[in-house]
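In order of appearance the chains are A, B, C and D, and numbering begins at 1 in each one.
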């Protein structure tokens, strides 16, 4: 049943929005550094957390549903013995909490033990799984990670570590940033397209591999470099260094631009660029492409803040028409006009039907004096479903805004992400079947401006050919049933704007 | 490393002290009957509980650490859809809480899904695991159950269900009572020695397979019969009946006598005899073998109660010398002399060193008037380490007992149980290297009497050749490294008594 | 509104079914002995637990909802500094969990601090509360205990401790067993009728006052004697002894007979008699009054066990007609015919409507071989609502019992208890408006026998005039609105039996 | 004991850092609006939360330790019946969690029921408590709130509501913003100095009184005005309006300036000024008073953000010397240079000694590219102990900052706050006995600038005579033992700066 396959592929067992880490220290126990790293990566997944270590003789594992701070305590950390290990945090997927897929996934096999922490999504997991089932393998979960683990274990029967990883990499297709522990050896692997981020850091007494450089900072380490697409990195057991093996080469990468726009921490350096800088530059480009002169520009906190800072900066230099500002023209004022209540958490009791409109004000409250009687530009990173944008526009109007203009630091999202990021079906996407003007009307803004794909590529300092732009073009760098691949096509520039007078 | 193997085999992944159940109903959802069954089997395991069901299309699983009442709620039961399923409760092993081994173990493989709930311990799990690892299999746990699941899944690639089970049974050795779900078909399998109990029950609208008949009672069902050693029972999907396949035949069974002495519920019928009746008869035999005339006889609650009832009954009929009681001789008075505090639970804060002696009085308090100035016989089911016995003898002396005689409803435990029951090493066993007189002195009793092996066999209505008596003879019905097998030897009768004047 | 007042008086703020303790040690910290005592008294209340101590300078308090083992941990015990203190456990009342009334109740006032732990119920709390409100007092709860605390605090403004307690005792009417801490002085007070139990124990290094002697046993102490009705006991601060003040004298006591029948631990000595002995003797009397010759006699576990033991003993000596047994007549066999599942706890998911009948079998399962084809006598301590009795009779019939006869170790409960014990309204009581024959028919038994009030008094070794028999006579030793007082009337003997051929 | 009194006064029972709310609706249940209000006020207290309502017949209360989201669920809200009620959130005080003082405090007394929610601290609570104790009152807590409740209840015996409140206000001295429920009438009271904020809001169907206007926004209401110092506001039962009574008049107010600097939400309007505006203006003034030309200016997130925005704005207009910027001089660049990890919560496992320095990087991570090789100005709202400032300066230096200049949006804190705000003793305050230059050296900054008191008053648009400036002057608007009162003195201007070349 084709439909069923589709649903499973994009619903079950996805690990795209996860954080992974691996640590190898010469002398020091790995558990606490892994624990602090996972704290630094907590934004990449709040559903489950886990650590697997190896003490030279035995593998130790502690994986549970919940936040890092709830999953681990002094007792559990103390049982995770050994100077080498890996860790994982996992994002709640649309399909709900799914304990089956908490990671790292740990197995023992003929040649020892394996631990795998996976960020990404395979597009041919079903095929490989099916091949392994034909050979008698039985699986405890629907997850891609178990498929990789079984395949790797099987290859390790007949090949050394590097060749076994190479064989597995040649079989699996899709996105994967992996940290792997083979007994007490820690590995990092990044898929040939480099879709998900992975980087290497140097500590005083060892090395670390992590999804984001912020995890390295947390350990007081130094970012060495990103793991290259198609590269295998093997940390030395004594913490003295690492070996690199370029196992698979592809002409083009397919870095996910959404990591920079939304998913990664602003203080992380991803594929050579600082996320905060990128967002600020995206904000500058947004002004240049579709700036609108209003009394005030304000971010949606916290996601729009870096964009809005850049936008306002650029607005201080040139006018919306691209002219140099006159000396006495202060440009657009930057202000925080929406205050975020940081205490509204999971246990919140939802308002009844007639209290529904109040719900958004519990989370975000407008500062009336910043808004009242003014024309306002609201900056956010992206629009997915559009519900929040609609509520915020209304909120600002209720607070007395004369006009509300919306500017978005990314292109319209028109197609699902098969690599993750919680944008699963076209039905959910407000821009999938609407023009920019229609989206503008739907959310009730006076004008709406998205950023162009060209600017995305420019600000990320990448060629469009080296980015995965599937969600904004509908053309994917992977073969996905029923979707177009972009590997052979020339991409049009999509970025668009719906002015107030549309 | 021989030592290492021994430790692993008897320490990790044991499932001997567990409860299993399987249910197939024509129309009704299986989850709630499974839930109630697990409540009825909770005494067989308090570490974890789990249920696996299958709704004809998909397998559903909910397995967690904790008591049945904590693991399941209305929500989790409602997700366990389907009219067929299996359940499991697991005992905390000596090595501490072990989340890896919570069951049922669920996998999917080429031909569908498998769920396994296992009570028992294989003696050749390492060998089979090793063979499977040679074929590329990777294992997520140290447990025997996963080994059985992988072996069965592999056999199912090439054979139908009955032949696949037969092949697996021919490969695995040791004790196993299994409930298995293969998609929505529920199976029960008992090892060729029938070491662990398993029985079949009939409900109004289906059939149930369970470790003990008390689980059947809970569902208002009727006990049909025990599953026979070496038998496979396959429940009909529509709840209309079951098919039986006698897959392996052995000359002798090796039923665990300790199930009757301690482990099973008194209200269960195990291998044709009611546990309560057996215990009462063991008590009667105990009087006949080693009765002592004292003012009062009292049980250790609750484990010694049925034994003490039988002992006192017999004591009312004949004297300790075996003579008919005189008309005016009331014999030994039965009384509850120790009161149990049922609220002392897991969270109890242990007393400091100098409060230590008070600890036992929190759990068991002597009734002074029953004890003071009297000669007392205390009845328990067995002595393992001897610490509790020592404390109780002292407690009764402190309460004013003139004499304290101890009588035990089982022979001295002189050797480890490799099939389970938490008696792992000879060092822990007070009787392993002590004569009965030495044990008597160690626990401080005036006299000590154990029951003979002959009486065990008589009361269980079994031939000694059909019992596993390893823990009381040191000779085992299985090949265990470093231990003697009893399959070829004639067993001596061991039952013994250390009179007060020894 | 008169009705409202009645409801409040018997519904809110009742403390009858509670346990209290007080400890004064010369040198040792009081917190841990108080903690162990509360464990020993846990059967008297599972809703909340609390300890108040005083270290000579300051009062410390820890009171929470929950079981003793959940309320306290090492941390909380360590903050409860001081060698003197009191403790309390509270029973869930019919009206549901009520955090307002968790105790001990602690206040500070002009002359220092007061802690009160109360077991009992005042009949004039409203009046005294009203008088105190006229003087400006404000109350944080509906509880009697706060009323006593305020009254005592007020009296302490003008009188020394002993006289202040006397004044308060002269004002309050009803049942109260109190432990009180006035700064670091610990007191015990028992109401002039001695309705609720309270006793004094001697430890190696101090003294203890507790609801039941079992708490003293737990601390390895010796029972000195009961606190006398109307007596105040003041423990010496240095643990060297206690002073006694007989503050109020009444001609007659009004001891609650139900403490012996049901509420107290079997191993406690209450008002001079061991509860286990009393229950056994009540069982003997029950045979003598209403014995019926059946194949087997069995207790409802655990409440009926001591009664059944005595009943069976007596049945071994004489026939139901009171004749000496013939030599070859073994009388009625004693057996455990119902097995209790000790794991069915609070979190149990209730069965659906059509599974309802199975619910009782989860808790109590009949042993078929003991029951099948036999005439059975089932012994319990009392019948309140009758629902459990009805279910058990049916259970035994379903298990094949030829006849089921019920014998009860107390008289019919025909009226509410205003002093506690969860028998609040006549509507709930099966015997309130039914003859014994009607109750027999209602529960479906072949015959039903209650014990007479005369036997109650005899076995408790008390005059009926010194007992509170309100719940079995409808005449109370206290003035209760709308009820008859028994202080001036002669009580009829009620004990009754409904034979099978009624 | 004078010392003891001092300690108690500033340690126990303080309610200064709390949030209060009261709601009276004509028809709608009050519980949910109170619940959402408390969410909006959660920043004012995370230790406990509570709601008291009255349904016309009976008072209902639910108060527990914990966050609003954990304390309440659908069940508890549904028991809080009635259209009128009050709520409270409480801050964890230095002395640790203190369940005794969770609020609202609820009592019943002669004339009905009272509920009190208190934000503030009385300076003569001991005296009034002592007077009430002389009259026989007993207290369950050390809290001021219970003292107010008892005093008010006593006054209500002899006076109507308004006069009773007036009498109590004439007796109590100190800071108090109160919401009170007298049966189903809701009141708001603010102390004569208006030390703590309290305001009135209008809803569609009723009125609300709350600590901050953000709570009114959350309910979609409109801010009517602040409650005036010395005013009593009584909400109509039917939600139609409110009555005002100016009960006490003082020449000067003593508004806490720290509410604007740190404690209140930026989106709240307090005493006529929007907190966000005030902070931004304080930032502007900070530039004007002690601006330093550096490459970049960055806030300590989130507390310094509004200050830094204003500071950078002003820096774009004039130079540090107060000159108009040259056309080609962009001034100081504003950037986010420290990223906050919002997931580091309470359960965080503290690093070991040698990991200590890494701890701060878990919470705040520098963005290297923003900092490296640059001169940096770091903006925060205030410095209390100085430990965080020291760590942040070091963090920025480690990240490569050439210079680190610190600018603070408030004057040096030199004296304890007896009205709250967690600045209890001079020993804890880094500026109490240090010059600005010494503080600069202590925290390791290149220069340090505080704001002047004059600017505080200017930006709050208040006379200094109407502010409480005790913590920055050491002179208090209340009579506090051992401290100077400022009511008769002329205050010096303190604001100060320690330049780099000091």
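Please note the rule applied: a residue touches a chain if its C-beta (ideal position, glycine included) is under 8 Å from a C-beta of that chain, and two chains touch if they have at least 3 such contacts.
Predicted, not measured: the structure shown is a model, and the values here were computed from it.
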| item | value |
| --- | --- |
| Path length in the contact graph (subunit B to subunit D, fewest steps) | 2 |
| Joint neighbours of subunit D and subunit C, given as chain labels | none |
| Interface residue overlap between copies subunit A and subunit B, same or different (over half shared) | same |
| Interchain centroid distance [CA atoms averaged], subunit A/subunit D, Å | 37 |
| For subunit A paired with subunit B, centre-to-centre distance based on mean C-alpha positions, whole Å | 51 |
| Distance between the centres, which are taken as Cα means, of subunit C and subunit A, whole angstrom | 63 |
| Subunit D residues counted as touching two or more neighbouring chains | none |
| All pairs of touching chains, each written as two labels joined by a dash | A-B, A-D, B-C, C-D |
| Interfacial residue positions of subunit C with respect to subunit D in the complex | 61, 100, 105-110, 114, 130, 133-140, 142, 149-150, 153-154, 157 |
| Complex interface listing, subunit C residues touching subunit B | 32, 35-36, 39-40, 42-43, 46, 67-70, 72-74, 77, 214, 217-220, 265-267, 274, 276-277, 305-306, 309, 316, 327, 334-336, 339, 341-349, 351-352, 355, 357-358, 361-362, 365-370 |
